[in-house]
Amino acid sequence: MTRIAFIGLGHMGLPMARNLLKAGFPLSAHDLVPEAVAQLAGEGARAANDAHDAVQDADVVISMLPASRHVESLYLGDDGLLAYIAPGTLVLECSTIAPDSAKKVHQAAGKLGIDLLDAPVSGGTAGAAAGTLTFMVGGAAEALEKARPVFQAMGKNIFHAGPAGAGQLAKVCNNQLLAVQMIGTAESMALGVANGLDPRVLAEIMRQSSGGNWVLERYNPWPGVMETTPASHDYEGGFMSELMAKDLGLAQETALASGSSTPMGGLALHLYRVLLRQGLGKKDFSVVQSLFGAPEE
Amino acid sequence: MTRIAFIGLGHMGLPMARNLLKAGFPLSAHDLVPEAVAQLAGEGARAANDAHDAVQDADVVISMLPASRHVESLYLGDDGLLAYIAPGTLVLECSTIAPDSAKKVHQAAGKLGIDLLDAPVSGGTAGAAAGTLTFMVGGAAEALEKARPVFQAMGKNIFHAGPAGAGQLAKVCNNQLLAVQMIGTAESMALGVANGLDPRVLAEIMRQSSGGNWVLERYNPWPGVMETTPASHDYEGGFMSELMAKDLGLAQETALASGSSTPMGGLALHLYRVLLRQGLGKKDFSVVQSLFGAPEE
Amino acid sequence: MTRIAFIGLGHMGLPMARNLLKAGFPLSAHDLVPEAVAQLAGEGARAANDAHDAVQDADVVISMLPASRHVESLYLGDDGLLAYIAPGTLVLECSTIAPDSAKKVHQAAGKLGIDLLDAPVSGGTAGAAAGTLTFMVGGAAEALEKARPVFQAMGKNIFHAGPAGAGQLAKVCNNQLLAVQMIGTAESMALGVANGLDPRVLAEIMRQSSGGNWVLERYNPWPGVMETTPASHDYEGGFMSELMAKDLGLAQETALASGSSTPMGGLALHLYRVLLRQGLGKKDFSVVQSLFGAPEE
Amino acid sequence: MTRIAFIGLGHMGLPMARNLLKAGFPLSAHDLVPEAVAQLAGEGARAANDAHDAVQDADVVISMLPASRHVESLYLGDDGLLAYIAPGTLVLECSTIAPDSAKKVHQAAGKLGIDLLDAPVSGGTAGAAAGTLTFMVGGAAEALEKARPVFQAMGKNIFHAGPAGAGQLAKVCNNQLLAVQMIGTAESMALGVANGLDPRVLAEIMRQSSGGNWVLERYNPWPGVMETTPASHDYEGGFMSELMAKDLGLAQETALASGSSTPMGGLALHLYRVLLRQGLGKKDFSVVQSLFGAPEE
């Protein structure tokens, strides 16, 4: 049976690791927060002393960390984890990081004969818990095939985006578009309601028309339109504005490097930065509705 | 059988009228262009001498005109058509015009006991020909029920958006959102491809993920991703950029009147104006892709 | 001696009328707020019973009102003031209104042989009190020459912008640019300070370099950079954000009518609308600094 | 007499070096383009074989290179120039580069006891030729005092912006603001002219009013308003759009690093990227006027 080492048990990593345990994978786990490790150990994982210990005898290493610098610091350098991982091991780097950073880790792994995939996810904490995440994967197709059963224990859609770094790139493009259409949806909702339309009626018309999008299907930013969205629960839960700002920052970094023009993506970033300044960084990213008007006012 | 008068036989009006004829409705028709009238007469319509002649004995009057000023000039004033329409007649005003303009015509019709609905459509010339238009309807619910069989001969989805003017408002909100996500999609496509992603793969990943929207489902702006889109045919056909600029202008007018904040909607308008200045007003609105990069370059 | 009727004694009108009294002009005054009229009467004006009474025997009529609808309602219609003003009288319409609205009043005045100038001002309440306003004047050059001594009692710079409506157009263009560079200045101040620059040093470098502008000369939005600016007094006084939003709205209306592309002007409007929603409409327009960061935080 | 080594004889470097020769400084010069070195040698400079040769016996080293990577590659690394420069030497790094890159070079120099100043310029090729550049200087105040005579041979205004990197930061902030007000000016010019104003009259009114800025004083983007501007010479000469795009990219990098919100600065970058895509990267940056309308059309 494939032995897995899981590093990074935060809001996303913990439920992902849990789904691997449920699927029967032997799992060793590490996180800087001992409580998270203890919790998972109580559910059947081996509590590793540190990252180096975790990857001992592992067939697959999975990491889920906050940002590029944590990932580079984990894997690279003289004492980096790659030096402790046996050739032939499969590394699934699931953090959302800069495509260039992902390529750097790919390159280092390649030199050591380690199969690495960049495999950022979408679907949020709810998708992590339900095991319905989407994985956008960059790296060799054969490595993806080997990894498929592991991904399937944690997610539903597994896309092969292309070579090294392509998973991060696809996620950056997708999340930039998501932010643009969240803001566009919030603007049109506020515009219609300010002029007398019923928010539920407007939401339903646009959902079924050419304005239709994922936000209108699952995640309407107007309070009360959908019962289970963060918008209907004071914008709690979901995907935090500060994480969306991070992803939009990665998109702008990527656009800078390629000389791309992304006026809507750039504006989205700067509007989220305004929200963060107003102390709304921990709220769900649909709280951008508050910039344009919402019923509480 | 319900007798219909149809005024305005342009790119949209002509195929809409045709579908009414096919459904068996007796139809009288008028347009300033005699050729359009002659063509429809050849298919069974009565060629009216003018608008006043067209509405003689009509149970339902349908108008499909370019802009607010044409609609106001047709219906209002001492010699306006409303003065020649019998009380109890049903008027379906299907042009895309300013919500305030629609309300003005509603009010005048109401004083004369004429049932009027503002019922702008979405779906483009393809939807008009196929009889699959979406109608967004403002006005009394009972009037909508009376009009339903007529709408059904021309379209598939019929939404009741609310009272007088609500149809126009819903369309304005929907089309603003459509423009924002067309531009957002074009930006993310260009960003991904500039960084090495395959356009088809990226399009498919976003379509199935949280970036999913109507544009990715049916109308991808990147040439070659979908065979039948305007993007794959030099941006010919479809919905012209200058018409999208018109709709975005109506959105900004509406936002000005209500003091609404729509930064993405405003930016969309000004980017389309840049396109128009470059002589691309007659191209499909997905030509906005050219601002950000496309494969021909 | 030229007899003047002054209608509209608000924050701007009252100090302007006062300067005319000081210059020795006989003045009759009207405002809907009796206290304002009484105050000016105490300083030597004749308190008129209403607008019609005010213009009795006047050689020059000056109006200073909040918006287009007030101006149209004052002058136009069967009982409008123009019907009570003798041919040959000079009307100085100093309100900031839509250029199209100004043209409408010009046209009506022209038919009656009344010389009208649209003459919006810039300089704020401080300039009104000090008699240092700038007048941007539209209408016949000869009329401007006749009006010059009156303008000079209230202002310092008198520009002839062109024919009817040109004064309003020039003001709209100027204030759109002012808003854009206020926001641009606030962004660059926040960017520099967030990265460790001293705000006073940065302000001085940009002021003397190619970033130099009126805002950096007189109206720095960063608290403490200049002692006498609203920014250094909790953004009190000066030119209210809601008035800037109004002017930016006029700019967008004008841009819509001419099909002009103004992405920065449009974004400026929508950012000010965000500020208004946050309850900052009565603060000076330099409070836009708070969107991007300011020292209090 | 202070001996100077000058590295980088491009559009800016060559005329700057020339002014140093004219001021009597003994100068050794290096550039990858031998013609540039030969030209300067013809005017009295010593042609160095390479950068290492150039800095032999120099009291002051000046570099003027295209971008961060060239500067880092010149100075840093085992074979970097810093290793060949004697402690106590003064290095004036005049390229426009990322503030973080400047700090890196500062740090390396500091360790070796070399006095380094980041000293990017503004004023363009015209200012370089005339010796009227502005220097924005980061680093120790005493080093700036030592360097002052050298700066004064090339420029007019020398600002001490703060510690290491502050010169680059000040330039980034200034140029972002310059771009924003160039675009804002172009928008208002086009808006006014489209509505009938005379461009010269409008330009003069705004210049003397609250819209006043450096662009209106010296660099109006509307052809024909000022005889000597690039706008009046088919946008040739001046400061190339692609260089402005580079500077706006540095501003966005800086904003990303500090989490700053700069919606106007971000939009400016993306509009310049649109211009570059249209093949206008080598034209003066006032060519942004063409996006919004200009008389040739």
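Just so it is clear, A, B, C and D label the chains in written order, and each chain counts residues from 1 on its own.
Criterion: a contact is a pair of C-beta atoms (placed from the backbone, for glycine too) under 8 Å apart; a residue touches a chain by one contact, two chains touch by 3 or more.
Chain-to-protein mapping (UniProt): A, B, C, D = 3-hydroxyisobutyrate dehydrogenase.
Here the structure is a predicted model, which is why all the values come from computation and not from measurement.
Engineer: Among the chains here, which has the CA centroid at the largest distance from chain D's centroid?
Structural biologist: Result for max centroid distance from chain D is chain B.
Engineer: Once you find the CA centre of chain B and the CA centre of chain D, what distance in Å lies between them?
Structural biologist: Here chain B and chain D have centroids separated by 50 Å.
Engineer: Approximately how many whole Å separate the CA-defined centres of chain A and chain B?
Structural biologist: So the centre of chain A lies 38 Å away from the centre of chain B.
Engineer: Pull out every residue in chain A that's touching 2 or more other chains.
Structural biologist: 259-263, 267, 271, 274, 277, 291-293, in rising order.
Engineer: Can you tell me, using the touch rule above, whether these chains form a line, ring, star, complete graph or other shape?
Structural biologist: It is complete, because no pair of chains fails to touch.
Engineer: Considering the complex alone, what residue numbers of chain C touch chain A?
Structural biologist: It comes out as residues 263, 267, 274, 277, 291-293, 297.
Engineer: In the complex formed with chain A, which residues of chain B make contact?
Structural biologist: Those residues of chain B that touch chain A are 99, 122-123, 134, 136, 157, 159-163, 165-166, 169-170, 172-178, 180-181, 183-185, 187-192, 194-198, 201-202, 204-206, 208-214, 217, 219, 251, 254-255, 257-265, 267-268, 271, 291-293.
Engineer: Using the touch definition from the top, list the residues of chain B that touch chain C in their complex.
Structural biologist: Interface residues on the chain B side: 245, 249, 252-253, 256, 259-263, 266-267, 269-271, 273-274, 276-277.
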